[in-house]
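Alright, structures below, take your time with them.
Look at the two complexes coming up: chain A is in both, with chain B in one and chain C in the other.
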Partner chain A sequence: MTKLGPGGWSVRLIVLAIGVALLLAPFLFPGVRPIQVAARICVFIVLVASYDLLIGYTGVVSFAHTMFFGLGAYGTAIALSQSDASWGALLIGGALGVLAALVLAVLIGLLSLRVRAIFFAMVTLAVASVALVLASQLSGLTGGEDGLTYSTPDLFSPATPLWHDAAGKTARLFGVRMDGQILAYYLVFFCALLLYLLLLRVTVSPLGTVLKAIRENEARAEALGYRVVAYRTFVFGFTAVMAALAGVLYAIWLQYTGPDTTLSFEIMVDILLMVVIGGMGTMWGAVIGAAALVMAQYYLRDVMQAAAGATAGLPLLPALLNPDRWLLWLGIAFILLVYFFPAGIAGTLTRREARK
Partner chain B sequence: MASPSLETRDLTIRFGGHVAVNGVSCAFRPGELTVIVGPNGAGKTTYFNLISGQLRATSGQVLKDGRDISRLAPSGRARAGLGRAFQLTNLFPALSVLENIRLAVQARAGVGRQFLRRAAAHRDLVAQAEHYLEATRLTRAAHLPAVALAHGDQRKLEVALLLAMEPDVFMFDEPTAGMSLDHAPEVLELIAEIKRDTARTVLLVEHKMEVVRALADRIIVLHNGALLADGKPEEVMASDLVREVYLGKRGAA
Partner chain C sequence: MNQLSATMTRLGGVNLLPLIVALVALALIGAPSIWITLTVAGLAMGMMLFLMASGLSLVFGLMDVLNFGHSAFASLGAFVAATVLAHMSGWLGADSWVLNLGALAIAIAAAVGAGLIGGFLFETVIIRPVYRDHLRQILITMGALIVSEQLIIVVWGGSPLPVARPKILQGAFIWGDVSIENYRIFAVVLGVMVYAGLYVLLNRTRVGLLIRAGVENREMVEALGFRIGRLFIGVFMLGSALAAMGGAMWAGYQQLISPDMGAKMMIVVFIVVIIGGLGSIEGTLLGALLVGLIDNYVGFLLPKAALASNMVLMMVILMWRPNGLRPAAK
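Right, the complex of A and B next:
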């Protein structure tokens, strides 16, 4: 008997483990790199989860998700670099970026969600390309290809102690300096958690069922009385806002915003891969997919370096394991994943559990 | 006599050169169950599609309680009180049986836009969905995906969706087609129950003559897209013309 459920226990356990690891990341994995990886995972969880609501739940294919991500990031970045590193600039810039994403999404939605899905996907591709070109052409505003580097409010600076120890220096907790960077990390973590929980809630709400209904049988949803175009436009706007908020978080965290970190189609492809690896239409998959791919992007080369070293005496292997070939191995890992987990990790695990 | 809840005026649709529904004018009143008969390809399903909005008429109007709804999308017509079950099973395959029915319930209740509360926390919606689950004897399958149901149960779910919409006008398109002999009476009993509520209008496309006799207040006959006969069951079934084009051909009656 195949019982339908939002996710199996194994999936929930994996997601919980990732969540706990992210919560304790600064303490469990001290150092410069791990906290960067953890923050990127948090941001991408929101980005991927919102994309899953769009493509996995509603069945709307869009290539403009990174554009909305970029609008949030660039709004924040431009405001912070044009003025001082004040809270006012951050909030106004972020809010304008999110608003721009919403307005643009609703316009695209109203103009083109009535047409066939393939045509809609093409429209989003075109608009996203224009945004990418604009970002590099309007270099006075956006910094062009180089992007923008700026300061965030002092509170987020690594030089700012959150509190002092007895000697008057930055306090340490379990050996970790309690500075502005820790605060920035937890801002990112808790905002991402909140947004993710909101997205999770949407999927089990009455609206969530309507979105799945539209994916499953659009004409039937319409015949029951649901205005499909209005629902699609709503979810397109809603997920654009989520992506833009993720962009704001990323801009605050990196103190740098450029085409490579927020707008490029490489990121769009990353998001698609994360959704597929995690499991489309599962929402849990966003956490698994984002964590898996970001980890691979940061650590696969190190692992290969070590493996190449360990096999140094053997023929052929060291050459194959050369860190420069990491993309090849990533590709192989992806193909194996899709082969053994055709519905993504969360999707396939849930199905297997349901079959028992 | 009550004023019509549904009316079609000169309703016509052409597919290229072929006129599938040809100038059909007909009014349907609350408390009345009208059976629509006619040979295959007569235009019965197309007539339904024009009424519930899946197809736009080439000319003519559809009126609900006197209001012209010919320009509305299917969703607008559903919200105006027209409910429709499909001849070819038309469900949400990967969603559970309960979710399928809840979609119909929440469309009527207008809570489709709510996203901050869990659907399960809307106790009233779930209770209503369970009621129709019970009525169509699908309770045991509540958590199965619709696609996993046997054909007969899918047909019942199709009917359950229409019941759960609680429309003013019910349109059933061959609801018992392909159903086993023990399931068909269940569905017909449900339709008879709707009929007892005098505020409801029922349109039923059905071939089985014993069903027509048992349920029909009125029969209309479509032939080549045109309205061939309209009247009390005994009159229509006695008409030579109808016997010739429909009943005679099928060798039934």
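Right, the complex of A and C next:
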């Protein structure tokens, strides 16, 4: 087990528990909302794990991760909405989206990864913001601010039974309807699992060791004969492809793609938060961070709504507790986390165990 | 080729770029009257960008701190100025230019004051704990930008705020078939004054000498017994105040401001400092003028490409000079 990267037993147990909960989510938590939450967690685990490989392992700060996520999602969405809801359109659109992400990432990487880290962060931020503006401006292709709504192949429709029971209706297993939505969920789950394991494998490979060496001391890695720019560009392209694949999964699951679900700055903040909460450079942290934050997003607003209602008579407080202001609280939580727990949940737990 | 580049260097090197851009644009546009209008608009925009970006560049040069939340001060200045102007509509609408400009001066002073206070709080609370840690700096100042944007929504509401202009700066003056908006002239004049002030401060005073020395070699200045921490907080507050002033000017220029202004301006401000090179106000001015001019020329010649023009400009400059046009000597 030690080959699977850093992390104490408690961290591994938490990750395992989250994995099992996601695997059994449709059966454990029946209903519409829990399965949405579970699918979002799966997609974000891949997104956050790939970002962790970039920022936590290699030390490259990029703000363009949502752009690659969006490229995958928009590729799929545009192909599915321009033609019929066929498998061919889905595959071609998804592949083109992923390819676009790769090409763009390699271009950005070659152009600007040789400059200082801080310049790179600024360049990616600028590129990502242009992508966001383009997506809302080119409304003929992308649907503008409203985004695109489309249908995926019939197999994923909630109206499609996977098999029939004796009475000829959609079969039920433990009381859960075996329909296309379940199939779509398991497609998302297993693809996410596969991609996550691939990312995990990379971090314990010799390549992962080189990346960590670059993070720790760039000049020394260069002096040892590793071509730092080439490695960085490779990782940037690789994680971009991973993010784009996560985007494809999300586009299939939501049957909707818009700036708010894929490209917006808020998603980038979410990813940053998840990486920091979970713990940078741990890979396990991605699972913990994604699960914690997605749950908080779905259920924190309810809490804030209640709190705003309870303080309705007081000055300023209701405005601060308005559910639309949750980004304010996330921002504050983010700053506090970076101050006091820079190692995140996974890192802090691991360190505590190592001390015993 | 060598002779050409030697001649270029003697004439001013990269400083000639805005001039070259302007001349190329003149050839492409053809009509001199339109060209003059666009050039003045570009210079005005460039000067406002310079105000917003100069602090970021100086702070980075002096302390190696990159503040991703810098444009929050521009946003703060814009909203403070808009509020002050809304309360002084009597002076703004008066026929006396003294009252007009007085109201504007009070609004800008309020914005600068807010920038100074905000800068002090920001430096002590947010940035001080993460000196010399780039990764955490980027993350924390990014978080601070989000928090400040949300706080502006809490205080001023989420809907766009209209900004009044003083009567004397409304409209344009016509000269032949050239028409130039008064406000743009005012922006250029103010920008040039601030640049001159900064230039004198940095090159002719003792404090400026210390700042430049700090940019060059911080440890040496510390070793000579100067408290660079105090110097730094002063520069940080000055930079924040300049950003607030730029934001106030920008508010009057746009006449409608919304809380996401900070995040939007941040991108342009970053492009300006990347092009200009971090750490020098000359570079920032150069970058700001280039961005302002090209934005206006391309907006006229190829409206659809205006969006990408700044990006392309940045990429080209980065390929040519990875550290920007005029970075501070390091």
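As a working rule, the second predicted complex is superposed on the first by the 309 of 356 C-alpha atoms of A that agree within 3 Å, B and C clash if a C-alpha of one lies under 4 Å from a C-alpha of the other, contacts with A are read in each partner's own complex, and residues count from 1 in each chain.
Just so we're on the same page, a contact is a pair of C-beta atoms (placed from the backbone, for glycine too) under 8 Å apart; a residue touches a chain by one contact, two chains touch by 3 or more.
The structure presented is a predicted model; accordingly, all values stated were derived computationally and were not measured.
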item: First, second, both or neither for A:V103, with chain B first and chain C second; value: neither
item: First (chain B), second (chain C), both or neither touched by A:L328; value: second
item: Touched partner set for A:A354, first chain B, second chain C, both or neither; value: neither
item: Residues of chain A touched, compared between chain B and chain C (which is higher); value: C
item: Which superposed partner A:G59 touches (first chain B, second chain C, both, neither); value: second
item: Which of chain B and chain C A:L91 touches, first, second, both or neither; value: neither
item: Which of chain B and chain C A:L194 touches, first, second, both or neither; value: neither
item: First (chain B), second (chain C), both or neither touched by A:S129; value: second
item: Contacts of A:A17 with chain B and chain C, given as first, second, both or neither; value: neither
item: Complex interface listing, chain A residues touching chain B; value: 1-4, 201-202, 204-210, 212-213, 216-217, 219-228, 231, 234
item: Chain A-facing residues of chain C, complex; value: 60, 66, 68, 126, 129-130, 134-136, 138-140, 142-144, 146-147, 150-151, 153-154, 158, 263, 266-267, 270-271, 273-274, 307-308, 310-311, 314-315, 318-319, 322-323
item: Residues of chain A touching chain C in the complex; value: 55, 59, 61, 111-112, 114-115, 117-119, 121-123, 125-127, 129-130, 133-134, 137, 265, 269, 272, 276, 316, 319-320, 324-325, 327-328, 330-332, 334-335, 338-339, 342
item: Of all residues in chain B, those that touch chain A in their complex; value: 52, 54, 73-76, 78-79, 84, 86, 90-96, 99, 102-104, 106-108, 111-120, 122, 125, 143-145, 148, 161, 165
